[in-house]
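One structure, as structure tokens, below. Some questions next.
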């Protein structure tokens, strides 16, 4: 995704409200984007299968991951405590969604893919959290 | 907002994944909606005034409040730990945004309105959190 | 919704990129907000009922109405042709969603409420379109 | 982006409400995602530069592109007329945003990147439109 690499290089570090690990942040943005996509598709694919809870959780996951990604893309207004709390919410949602999708992963490929995207996102958020400590 | 009252009455309690205080939740949804609207308008109004940080924080606030509201509107997939973590993120963001808007509230009416909407939302979320304990 | 009335009064008309009918626009924002809420709740309520198509269309409706509402809340960057095209998309989506929900409205109260919210939104958008001509 | 390729392969064509060109659609989803990201970052980067109109248009672009992408990710509820109208809105918004960003592209790298992402998205949407005719 060279577009995002270019975009992040165009942001001078001095624009940042605080010193962030830009590599961890870009990886985290991309993981959030992938999870948002996978969860949106999984939520829709669940509809015909009668997996109400999975579909609803994936809809939540998509919104949370999109919001998390956007917050990282807005350095101007970055607030450390709001960022950390949202990162925690994104991880909690990612864990809940991955657990739900895992229970359907053997019969539904879209659930397996969504589970993996959620797990990768949780790992990226965890790394990002560590870099903010 | 009788539409939402009607909608919530149409949801049988048994559809809920857990026992929620429906009155507190409806109030909280409406507070999130109001904060999302106020923050979207404040973010845009800030643009001409050179208030970069305020505009960026309001954009974050609008996304976080919209996501929070939507999560409450999806009882099927409600997960207690994700809900609580997101509620915490919404409060942290609301406090940060209210503080930023407060510092401009004397010269900009849209900041004063956004500050009040954020404070009301934080209070509603706080009540909602208490009811989930 | 006095918060929005106050917010819109705080925006001086001179901030607008063009001469908009502010009364029609406020009514339209509120109709979009109501449709977005009703559709989010209807989409989730459909999940247990095996109404895949209705749930998916409502998810689309919620996103389209939220985006339409936000565009009206951002006078700074208002572009007439993008605004009109989006208004057309919002009406097309509203009509499709209302038609789908109408077919379930006798057995599902949430579909009846969502149908009405969509119809009211289409009517408001239509009025808004006329005022932009 | 192999995650999305895998996800789209997991969706059987029979799940689709109509015969879509899946290759064109995946390309279009990815273009919308890239434009949404670029526009979110451009909107924020504009804040310090006093480019009110550009920032506001980019905020609109981000919401429109995210909604367009999500609609393509929900085959269950696909409605041809709503899809085409939204595709038209996405192209109108993409053209307006690209034009605005083009006017700042020599002095601001983030505007140049956003302009290119918008133009690529308009081209993808155009191709997608042709395949839906």
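When the chains are written out, they are named A, B, C and D in that same order, and each has its own residue count from 1.
Everything below uses one rule, namely that a contact is a pair of C-beta atoms (placed from the backbone, for glycine too) under 8 Å apart; a residue touches a chain by one contact, two chains touch by 3 or more.
Source: prediction; values computed, not measured.
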| item | value |
| --- | --- |
| Chain A on chain D, rotation in degrees - Cα superposition, rounded to nearest 5 | 180 |
| Longest centre-to-centre distance from chain D, chain (CA-based) | B |
| Equivalent interface positions on chain B and chain C, same or different at half | same |
| Distance from chain D to chain C - Cα centre to Cα centre, in angstrom | 20 |
| Chain B-chain D separation of Cα centroids, rounded to whole Å | 27 |
| Junction residues of chain B, two or more chains touched | 44, 47-48, 52-53, 55-56, 59, 66, 70, 74-77 |
| Residues on chain B engaged by chain C in the complex (per definition of touch) | 1, 3-4, 6-8, 10-11, 15, 29, 33-34, 37-38, 40-42, 44-45, 47-48, 62, 66, 69-70, 73-77, 108-110, 113, 116-117 |
| Of all residues in chain A, those that touch chain C in their complex | 43-44, 47-48, 50, 52-53, 55-56, 59 |
| Partner chain B, residues of chain A touching it in the complex | 17, 52-60, 63-64, 66-67, 70-71, 74-79, 81-82, 84-86, 88-89, 91-93, 95-96, 100 |
